[in-house]
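What follows is a set of notes on a single structure, which appears directly below.
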Amino acid sequence: MSADGLIQSLTAAFDAIPLIDPHSHIEPLSPVSKSLDDILGYHYYTELAHSAGMSQKLLGPDADPRDRCREIIRFMDRYDNTAQYGWFVNICKSFLVFTGDRVTAKDADALFDASLKAFAAKDWEQQVFAKTNLEKIFLTNEFDDNLDGFDTAKYVPCLRTDTLVFKFREPGVRERLAKVTGIDVGDVPTLRKAVRALFERFVAKGAKACAISLPPDFTPTPEGSSIFWMLAENCREFKLPFDLMIGVNRRVYEKGVHQGQDLFDRRCSLIQYRELFNAFPEVTFPVSVLTSGQNQELVAYSWIFPNVVPNGHWWYSNIPAYIGADLRERLQGVPKTKLVGYYSDAYKLEFVLPKYGMYRRILAKTIADEFVRPGTLNETEAVALGTRLLRDNVREIFNV
Amino acid sequence: MSADGLIQSLTAAFDAIPLIDPHSHIEPLSPVSKSLDDILGYHYYTELAHSAGMSQKLLGPDADPRDRCREIIRFMDRYDNTAQYGWFVNICKSFLVFTGDRVTAKDADALFDASLKAFAAKDWEQQVFAKTNLEKIFLTNEFDDNLDGFDTAKYVPCLRTDTLVFKFREPGVRERLAKVTGIDVGDVPTLRKAVRALFERFVAKGAKACAISLPPDFTPTPEGSSIFWMLAENCREFKLPFDLMIGVNRRVYEKGVHQGQDLFDRRCSLIQYRELFNAFPEVTFPVSVLTSGQNQELVAYSWIFPNVVPNGHWWYSNIPAYIGADLRERLQGVPKTKLVGYYSDAYKLEFVLPKYGMYRRILAKTIADEFVRPGTLNETEAVALGTRLLRDNVREIFNV
Amino acid sequence: MSADGLIQSLTAAFDAIPLIDPHSHIEPLSPVSKSLDDILGYHYYTELAHSAGMSQKLLGPDADPRDRCREIIRFMDRYDNTAQYGWFVNICKSFLVFTGDRVTAKDADALFDASLKAFAAKDWEQQVFAKTNLEKIFLTNEFDDNLDGFDTAKYVPCLRTDTLVFKFREPGVRERLAKVTGIDVGDVPTLRKAVRALFERFVAKGAKACAISLPPDFTPTPEGSSIFWMLAENCREFKLPFDLMIGVNRRVYEKGVHQGQDLFDRRCSLIQYRELFNAFPEVTFPVSVLTSGQNQELVAYSWIFPNVVPNGHWWYSNIPAYIGADLRERLQGVPKTKLVGYYSDAYKLEFVLPKYGMYRRILAKTIADEFVRPGTLNETEAVALGTRLLRDNVREIFNV
């Protein structure tokens, strides 16, 4: 089989695997887009358009959604080289009956109209699930999110803890915690009790992970009053993996678009987690790193620590150049049973398809080059390896 | 078309684009070489020969230039694997009627003679411009450089500010500033006045950028007495881009050859420029980073900040392995209108041709692999994309 | 010739070059394995099996070696994607008459039996030398190791100095030093005398290098009492290269398997060695870096400093993804006469073959892609370039 034929064949095999997406920002009561505005409101597009010169005038809540979409699309001829633009074209083709190869300003109205029509279908959510071959998707829940009213077998709750760890002293947080747990935190013992109550609440609703994003200079330490450490203790007790998303500085570009203000300091090391990884051998830590430059640490720490596993390709590293390099390194150095291949990080379900599509093509190419062409794996074994990264490991590691 | 045919076709198209080279160290009154000694005196050759064992004896001002060239060439069989050696062979073939594939010790005299003959042509400067398809080239001017006596439409002045920022207290600098501005700096207000006068002087002569190289531990802060901050303020007022060349430590190898003493500490982050980028949204910062490891930061900061743009491939990153990786990342993550593809950094005009030649081949291969073969761009569109990186963005960003 | 044909042809030519392996942990009085247990006891396998979930129960000294091998092999279906697994299959095929493509649990007993038989041959050591095309291999000797009873022309002594520099104050070290040098260290002058005596001892036995591994935060400074600095002074006096293996933190995973506890902090720079490299221009420093992210520094420092040379691909960087990238960068930026291509780091001789085999394939592919296909080198010249990295430079740099 030709090189390209092999990659196409593997990609097709991977496309057929039902997805369990282990990290997203989907709202379970509003999981799909209502119009093109929900698609183009994804921060990637507002960021890139703004970075390329678009003013933020039309990004405000009072602006007309159709005008906003026109403007973001009008700027696409400045960023149509990016991977993110590729996702958008993929969405238009997959969900909006678009047949062109490039979206330009003149397509804006037709796409907007098509989105209103398509997304209004009563079964749109089911259609997206079906077209995406999506089985389950993990949520990112604030500690006091409502966990009722949706199918937790499809929308898997996940306790997100940034607020608890980094904003506990901000006004209202303690009150929200009291409201949801019934515990009024006044000292360390009541704090411990309240945190534990959150885990009870989430586990009762089928939560499969605790998660947090962390700044590059964060180093967890076992102080009695550390909420972070309490989270790890509860992960141990409740047997939940603790997703660490390492390396983000918030609000670096203060006047940036919504969700487009965060950047990083690449001078960050997993050695900062040395004490944590040693203290909790029973807790699995699926680790995402923000920079590809940290991937070798992630490979090495995962190769040595049984409880550290590489988790997907996060944010600024979620473009093919970084995914390809990072994936290849992980496949050469980390036991395959520990590789959580990908997650969508999506805010709306329509993005799961193009993002996983990108990943599957890279996965197919990487496995073809690294294992099939050198004669190490035949095609059936190659499909099994890809399935492991796409699905099996998510099931095993998150106990789904 | 075959893969190689496509790359050749794109390379040929890129070769036909007239160059505007946005950063060099050309002396406008002596822009071309007078003999092979000017070619081989470029620090890349003296560095590599010395690093490979050549003594510095023949590098002194009293040594015979022909002997010096013989010696540097004699050592080439120790460094003929490098990209820099490739530039030299390219120069010999393009400008010195050399027809071999490799330059060895026995070629030294013939090349030296050929250089004397070729470079003595009255129109040599015009010949080099023509063969190089060069339209304009930016200079690197000390604040008190003479800006008269050359065609500033061809040789574009650029205010280099390392001396002002890092050597202001050294003997003679204040005097030089007084001489060129007529302002005797005694306090912050007179300093501000003098700095502003420099911008007036340069802008009057058609300067298109302010530039500086910065050590890896530098963090600009808005103190009233900070010359760096004043430069940014003047860039805002005079609408000049501010080239930041980030990451060099000077004189690390103290006994190294001339211009071959500088290295770096890779532990450097663009987060150090957070306050600057936020404070000057109206100033465009074309940023060069010294290490490929910092390229992901450059991609991410350029993707988020409208005023940050990636600028070329600098110095230790100016070899194909780094250019190729960095370019691919930038093309996937940054709006294409923000990508300043390349600059020569040349000291003599003869180097523009081989350096841009190297870049254009990498650009052609990258665009072929990333856009044409996957079917995203046809060949005409691919040429337009390359033209954007090679020329259009220089014109737009530097307002040429 | 087809691309694959060219790589195969170059690989075959490289396979024919007798190896001088400039760094290993071979015990010269027990250089080969006695059973499969010595092969699978290599920390790479215990680490990966443990990381993939194997308990350490069977790793203790009291466990049955056959049971231990069964267990490590049983877990291979969790890490059979790794480069290290590839080395093991290669060993089974080369030394244990194994004819399959994959080793699985059911092969454990047959392999164990085969190992007992094969390794019991009286000339096993000679067989391994012959099959590996190995001429000489460097050792890693503690300062008081017995240097008698083996052929130092084959097993080249090398003074390893971690204990002296980092554990000098631990109980027993001073006594061991006194015992082997006859000098009772009480102050700096006696310390200097004792260190010098070690060099005399090693050089008399044909030692060809002094070596040390260093934590990422180490910065050598010229204090009178610094043992590290004394080592460099003696390297100068005795004309020994000083191998620096930069970047390892010991015992990061405290409960890890034997030799599987060390990791690193990637925030490490060669700028820390600035003073050392300047102070000892006469000493050659073959430098190994633990992370690929530090390779650009290694390229740049080797390109500038005559006394800095890149040395092999160490530990966590010794997998194809990192070797390939790092090698390509070195070949483009560093004089070829300064590139020490590879060392095995092996504990048992059987590992030299698969590790060098991996390297030679990468070397062949890299030279084919970078030099032969672009027309810069013909195949004969390409073989010469590879020979230089594999053998010539080891001979010249270590004065073998």
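Residue numbering begins at 1 within each chain, and the chains themselves are lettered A, B and C in the order written.
Simple rule for what comes next: contacts are C-beta pairs under 8 Å (C-beta built on N, C-alpha and C of every residue); 3 or more make two chains touch, one makes a residue touch a chain.
Which chain is which protein? Per UniProt: A, B, C = Amidohydrolase.
This one's a predicted model, so the numbers in the text were calculated from it and none came from an experiment.
Asker: Which chains, if any, touch subunit B (Amidohydrolase) and subunit C (Amidohydrolase) both?
Answerer: A
Asker: Could the interface between the copies subunit A (Amidohydrolase) and subunit C (Amidohydrolase) be described as same, meaning over half of its residue numbers are common to both, or is it different?
Answerer: different
Asker: Upon optimal superposition of subunit A (Amidohydrolase) on subunit B (Amidohydrolase) over Cα atoms, what rotation angle is obtained, reported to the nearest 5 degrees?
Answerer: For the C-alpha superposition of subunit A (Amidohydrolase) onto subunit B (Amidohydrolase), the angle is 120 degrees.
Asker: In whole angstrom, how far does the Cα centroid of subunit A (Amidohydrolase) sit from the Cα centroid of subunit C (Amidohydrolase)?
Answerer: 39
Asker: Where does subunit B (Amidohydrolase) touch two or more other chains at once, residue-wise?
Answerer: 267, 293
Asker: What part of subunit A (Amidohydrolase) is in contact with subunit B (Amidohydrolase) in the complex they form?
Answerer: Subunit A (Amidohydrolase) residues touching subunit B (Amidohydrolase): 47-48, 50-53, 78-83, 86, 101, 249, 252-256, 260-267, 291-293, 316-317, 319-322.
Asker: Within their complex, state which residues of subunit B (Amidohydrolase) touch subunit A (Amidohydrolase).
Answerer: Interface residues on subunit B (Amidohydrolase), with respect to subunit A (Amidohydrolase): 267, 269-271, 274, 277-278, 281, 293-294, 296-297, 299-306, 325, 328-329, 331-338, 371, 375-376, 385.
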